[in-house]
Each structure stands twice: as structure tokens, then as C-alpha cells.
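Each of the next two complexes has chain A plus one other chain: chain B in the first, chain C in the second.
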Partner chain A sequence: MEIIDFIKVIEEEFEDLTPGTLSPDSVFRDMDGWSSMHALIFVALIDTTYDVLLTGEELKSCLTINDLFDITNLKMSSGGINA
Partner chain B sequence: MAELTLKHAAVKAIYTVVPKTIYKSIDYPFFSEEEAKMFSKTTGIIERRVANANITASDLCYQAANALLEELNCRNDIDLLVFVTQSPDYFLPASAAILQDKLGLPTTCIAFDVNLGCSGYVHGLLLANRYLQNGGLKKVLLLAGDKSTISTHEKDKTTFPLFGDAGSASLIEYDAKALDWFLDAGTDGSGADAIIIPGGHSRNPYGTIDTSDFTSAPGVTRSLKHLHLDGMQVFNFALKNVPNSLRNVLNKADLSIDEVDFCILHQANQLITDSIRKKVKSSPEKFPSSIQLFGNTSSASIPLTICSELKEQIASQKLKLLLSGFGVGFSWATLLLNTEGVQTKLLEYE
Partner chain C sequence: MGASLKHISYFLPSLAIDNALLAQAYPAKTAQDLFDMSGVHKRHIASEGVLGSDLALDAVTSLVLDNPNFSLNEIDFLIFSTLVLDYNSPTTASVLHRKLGLNPNCGAMDLPQGCTGFLYSLSLASAMISAGNAKNVLILLGEIPTKAIHSDDIALRSIFGDAGAAIVVSENQTSKIGKFVFGTFGEGFDFLKVEVGGGRNPINSEWIKKYDDQELNLPYGRIEMNGFEVLRFALKEIPALLDRTLLMNNISISEIDFFVFHQASAMMLKSLQRKCDIPNEKFISYFEDSGNTVSCSIPIALKKGADDDRFKKGDKMVLIAFGIGFSCIGTVIEW
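Entry: the complex of A and B
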């Protein structure tokens, strides 16, 4: 998985995001109107797309899109949902 | 994990009652316009039904049961009444006992409450089947309902706009020729704190705890008397367990998801429903949803969705239905249910 594809998946999910807005260094909680709902959408999106289920604690430990990408990649390589 | 094949029982009727009062998500005073839109888009909830102060879950279920018993003319034949609720009338006695008398059921009828929430309807069907399977008992009245709005704090954005009230009554009969049902169920009590009302019972009795309001996060004000919900923990629990539970039942029944007519999930929120559906690679039309109009109605959400969305199909067709309830406990149960000619009705509380 490449981070460019990861970012594309996120941008497609959030209609309000203009394609090209996000970069690996973007702080995802800085998205307009960020709320706990967005957190759930991120977890759902990553699980349904990559079969990787992030816990609330794992999401809290991430700051940037790159952090999310890294932890998703790590869990994918170690078995996904049950890792 | 319990996996069972269940024999000799058939669902004959499902009636559901909702209160008349409608609360719209857009009118919730503690949402900004943007928050309200995001809430409805993510949870699916446009509006929900809220019972007046003097109406209990047992009142809603009573009305559903009374209409069912009247129209199917079987009041004197009920051998067992099971009331699945987490909002009973009293600490004791069991509300089922009060309902036995109020409904005019025979005193030979066994009656008890079951303290389960969102998984409760499917567990209730399991119980009904187990009592019926050898033919000793012939008819079970399964009531499932909650007045969840009594325990949510108006200033808690994580609970107050989510829940609606509803009560249901289902008639399940012994039927030697009924097609088998298949069940998968489980419990993970490590999630007990994720959905909890901490105060008021034996662990934290009133008089020993501070029941004043506190704010745990922006937009989350409640007291120990109120429902606490950790949305992320619940979400993780559901996505980790429910798709596997659906697959386990399908394997046991030797069916693919495409061979099931409808999959009726507990209506927790639309994002959970859609995510589970995507995990089992199915289409939206197979996963009917009633959460838009009724919110999360706890143990009543599955029968309410059947009455609201499948009235014609379940009355006129032979169906293979995959039901899955999941939530507080954590507890879950999934059932492959074969149905034919089930009478349903959706009523407003009078």
C-alpha cells in the first residue's frame, strides 16, 4: 500500500475535502468540524477498506495522516483485525 | 462461543408499538447546525420516538401484546411470557409477572424478565425455542422493549439524540415441521463499562454516591444516574465480532450471504450497519434499516425493523432472515430464522 492511495481513500470518503488537500503531514483532527463522528468514520473506513480495526487508543496515538498510514500498514502486516 | 441448531419452533406474529411524540435530530438544542447534519449523516437518525413521562417499556409492550393476543385469539394459550428489557417497572417484582396479570394470561403461564439490551431479542427467540422444542409448551409470548430515553441526560450528545423508545410482542409456536434455525451467540464482559448506568443499584446505591451532574468532555454532561456510552469501544466491539458471528451462522446453515433474503441488524447506528454489511460483502437492499425514523430502540430494534420495513415480504413469502443483536454487556447473538406467513403490525401508542 502506498500513502498516496491511502490519502485518496480518505479524500473520497469525506465529500467536503477537495482532492489534493491532504498530505502525509496533515493533522487529521484539524479537518473542518472534526468530531467524535469523524473518528468513527476513520475507523470504519480503514476497517472496511484494509480489514484493519484500529482501537480508540491507537487512533488517539496518531497525529498525522502518515501516523494513521503507518499503524494501518503495521497491523496489516501482522494480521489485521486480530493483531 | 455458542453455536446451536434450533428445531420445532415458528414465529407467527410480530407487533411493535412506538410512542407518538417525535424528536427530530435537527431540533436538538445542543447541536450546531453542522453537528446535527453530521450526526444524521453518520448515525442515520433523522428522528426518533420518545415516550411521555408516565409511559414505561412495559406499557409499550403491553399494547403490542394486547393487540396481538386479541387479533390472533390466543390469550388463554400462552405458556410462557419472556420480557426482555433493561428498563423494568420496578427493582422487583419482575415486570413479566405484572404483564401476565394485566394481559389476562392464565396463571399456569411461566413469566420472567431477561436483563439484556440490544442482543436481547435474538436471545429471547433462543429462549422461546428452547422451551418449545420438545412440544411440552406450545406458545410463547416474547416481549422486547425499552424506554432508553429515561436514562439519557439531555446534555449528553453521545446518548440523548441516539435513543428512541419502542415495545414489541412476538408470538412463537411449537411446530414439528418448522425448518431449523441456526444460532451463534457470545458474551465479552470486559466491555461492561462501555455501556453502563453506574448508579442506583447494589454496586453504587443512591445515598452512597454523588448524583450531581459532571462534564467529562465537551458536550458530554451527565450524572452517575445516567447512561454512559463509549461509542468508539462499542464500534470496535461490533466490527470485531458481528461479521464473524454472521459468517458462523451462515457456515452452520450452509448458506452464502446471497442466499439470505434479508439481514436485520440491531439498529445501533447506520455507520455500524454499513460497515458490517461491507465486511460480509453484501448489498444495502439486503440490510433494511429503520433507524432513520426511530433511532436506536435497544431490544425492540429488530422487531421494529421487521414491522416497519418487511411487512409485505414477511407476510406473503417464505424468507430466510439473518437477525443479529449486539451491544450492552458486551453481548451478541445471531440467528438464521426461516419464516412463512408472519403477521406484523406497527402501531402508535394510544
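Entry: the complex of A and C
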């Protein structure tokens, strides 16, 4: 998986996001109108797309889109699906 | 001898709060914000003093009016599911039995099970009929979650609604209700609960003082939900439950015409649909106009789907519910 594909998946999910807005360094909690609901949407999106179910602690440890990408990739490669 | 769903009716309180009205209580939110948060256009609110059993009785009235050939005298077992019983004892089912004037030879029991209440009741009704212990089981559901939501809990207020439902399950030459699979994950207790109001933590003066600013001081306790963990539970366990349900009933996913899941929230439904790879035309969602009505949500979805002529006789449906406990349950029915 490439990060460009990961960002594309996120941008497609959030209709308010203009394509090209996000970069690997984007702090996802700085997205317009961020709320706890967005955290749920991120977790559901990553699980339904990559079969990786992040924990609350894992999500808290992420700051940027790249952090999310890395932990998703790590869990995919380690077979940590639904950990 | 088997069992089949014979009649379904539901009742929604006349007071409906749309997002524009709800937003008046939250100046920082717009009606659109509330819809984006919940996927609900409006939720129905029971009047003060109305309990789930009252809404269930209203649903029975609808059932009788909708089915003039049906007689309550046929009922030989009553199951009532709710999160707020009328009394500690006797059972609310006994109270309903009296109010409905049911046959004295009719059994009656409560099954307080939360969002899985309908399917738990259906599993019991089906088993009783298959065993020859009953011929016509009346399942009554009544839920008033809005009475246990703190005004600060905007997400809960936007999602939940009150409702009642009445379902008749009857003896049938061939079984139209399949086998059930169950799941209980007690570690989920802390993530979705109404902790105060029962025997272990009764409402006391401290509680009344603490919630002095709330309607009736939250007399039925307060719903506390960790939405993140509820979502994780559903994403992790429900696809597996679906697989077990199909396996138990010896049917493949491609043979299923419709999937009717507990109408928990728009985001939850969308995520589970994706995770289970269910096409739109087979996935039943009637969430927008009544919200999450706890145990009533699947019967409401079935009735609305039927009223919209989406189902035809012989259609195979997977029914799946999940919720407080955590608990989950699945089955296959033939329409």
C-alpha cells in the first residue's frame, strides 16, 4: 500500500474534503469540524478498507495521516488484523 | 411444527424532534451538524410518565387495527422486552397481560435485553412453538431511551428515539424462523451501560441532587456509551456472527435476499454493510425517521420494508442484533 492511495481513500470518505487537501504531514485532528465522530469514521474506514481494527490507544498515538498510514501498514504486515 | 412471523406493528410517540428543533438546545451545532453526526432526521419522544410498556400497548392497538382477523384470545404466551420495567416486581409482562385481558392460560415473562431484545424474544418464541409449548406468542417491545440521556450527551440525544412494537409469532407447518446463534462479551459492560437505577446502585439523594437540572433528575439512570469501543466491538464481532449465522442455517450469503441489522446508527450500519460486503439493494436501513429505538429497531425496519413492498413471500433474510452487554444474536428467517 502506498500513502497516496491511503490519502485517496480518506478523501473519498470525507465529502467535505477537497481532493489534494491532505498530505502525509496533515494533522488529522486539525481537519475542519473535527469531532469524536470523525475518529469513529477513521477507525471504521481503516477496518473496512484494510481489515485493520485500531485500538483507542493506537489512534491516540497518531498525530498525522502518515502516523495512521504507518500503523495501518504495520498491523497489516504483521497479520495483526482485528488486534 | 415450526414458527413464523405472523404480524408486526409498531408505534412511535407523536412528538417528533427534528434536527432544527434539537439544534436550538445546542447553539454551537446546526441542524446539518446533527444530521451529519447521527444520520437521523427526527426522533420520537415519549411524553413524561409514559413507559415502554405504554408504547408497547399502543403498538398492540395498531396491530389489532391492522389485522382485523387477529384476536388476542389466540395468544398463549407473552414476552416483553424493555430497558425500563414498570416495577421491580411483578413482571411487566404480567401487568401487560392484565391490561390486554389475555387468556389466563397464557404464560408471561420479561426479557430485559436491550438492543438484542427482539431477537432474543424471537428465539424463545420460536423454541417454545417448535417444542409444542405454545402456538401463538406475542412479543411486546417498549423503549424510552430518551428518558435516560443527559442533556450534555448530544450524540446520544441525536441518535436515540422512543418506540413500541408488537409482533405475533405463530405455529406454522414449516418453520420460517431458522436457528439462532448468540454471543456475549461481558468485558463490554463498561462501554455501554445504564449503571445507576438497579439494585446495586439505586437512585439516591446524591443522584437526585447531581442531576437536579435534568428532566425528572434522570429517574431511570443515565445511558453511558463509549462509541469508539461499541464500534470496535461491532466491527470485530458482527462479521463473524454473520458467518456463524449463515453456517448454522446451512445457507450461503448469495442466497440471502435481505440483511436487516439492528438500526444502531447510520455510521455503524454503513460500516457493517461495507465490512460484510452487502450490496445496497439487499441492505435494509430505516434509520433516518426514528433513530435507534433499541429492541424495536428491527421490527420497525421489517414493517417499513413490508409497507414499502420491498419483501416478497419466500425471501430469505438475515436478522442480526447487537448491543448492551455486549451481546449479539443472529438468525435467518423466510418472509
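Some points to look at:
Definition applied: the second predicted complex is superposed on the first by the 80 of 83 C-alpha atoms of A that agree within 3 Å, B and C clash if a C-alpha of one lies under 4 Å from a C-alpha of the other, contacts with A are read in each partner's own complex, and residues count from 1 in each chain.
Convention: a residue touches a chain if its C-beta (ideal position, glycine included) is under 8 Å from a C-beta of that chain, and two chains touch if they have at least 3 such contacts.
Here the structure is a predicted model, which is why all the values come from computation and not from measurement.
If you put the two complexes together on chain A, you find that chain B and chain C bump into each other. Look at A:Asp47: by the touch rule set out above, it reaches both chain B and chain C.
In the superposition on chain A, A:Met37 contacts both chain B and chain C. Of the two partner chains placed by the overlay, chain B and chain C both lie in contact with A:Thr55. In the superposition on chain A, A:Ile3 makes contact with neither chain B nor chain C. The interface of chain A with chain B overlaps its interface with chain C at residues 33, 35-37, 39-41, 43-44, 47-48, 53, 55-56, 59.
Considering their complex, residues 34-35, 38-39, 42-43, 158, 230-233, 235-236, 239-240, 271-272, 274-275, 278-279 of chain B touch chain A.
Taken in their complex, chain C has these residues touching chain A: 33, 36-37, 155, 227-229, 231-232, 235-236, 267, 270-271, 274-275. Against chain B, in their complex, chain A makes its touches with residues 33, 35-41, 43-44, 47-48, 53, 55-56, 59, 81. Per the touch definition, chain A reaches chain C in the complex via residues 33, 35-37, 39-41, 43-44, 47-48, 53, 55-56, 59, 82.
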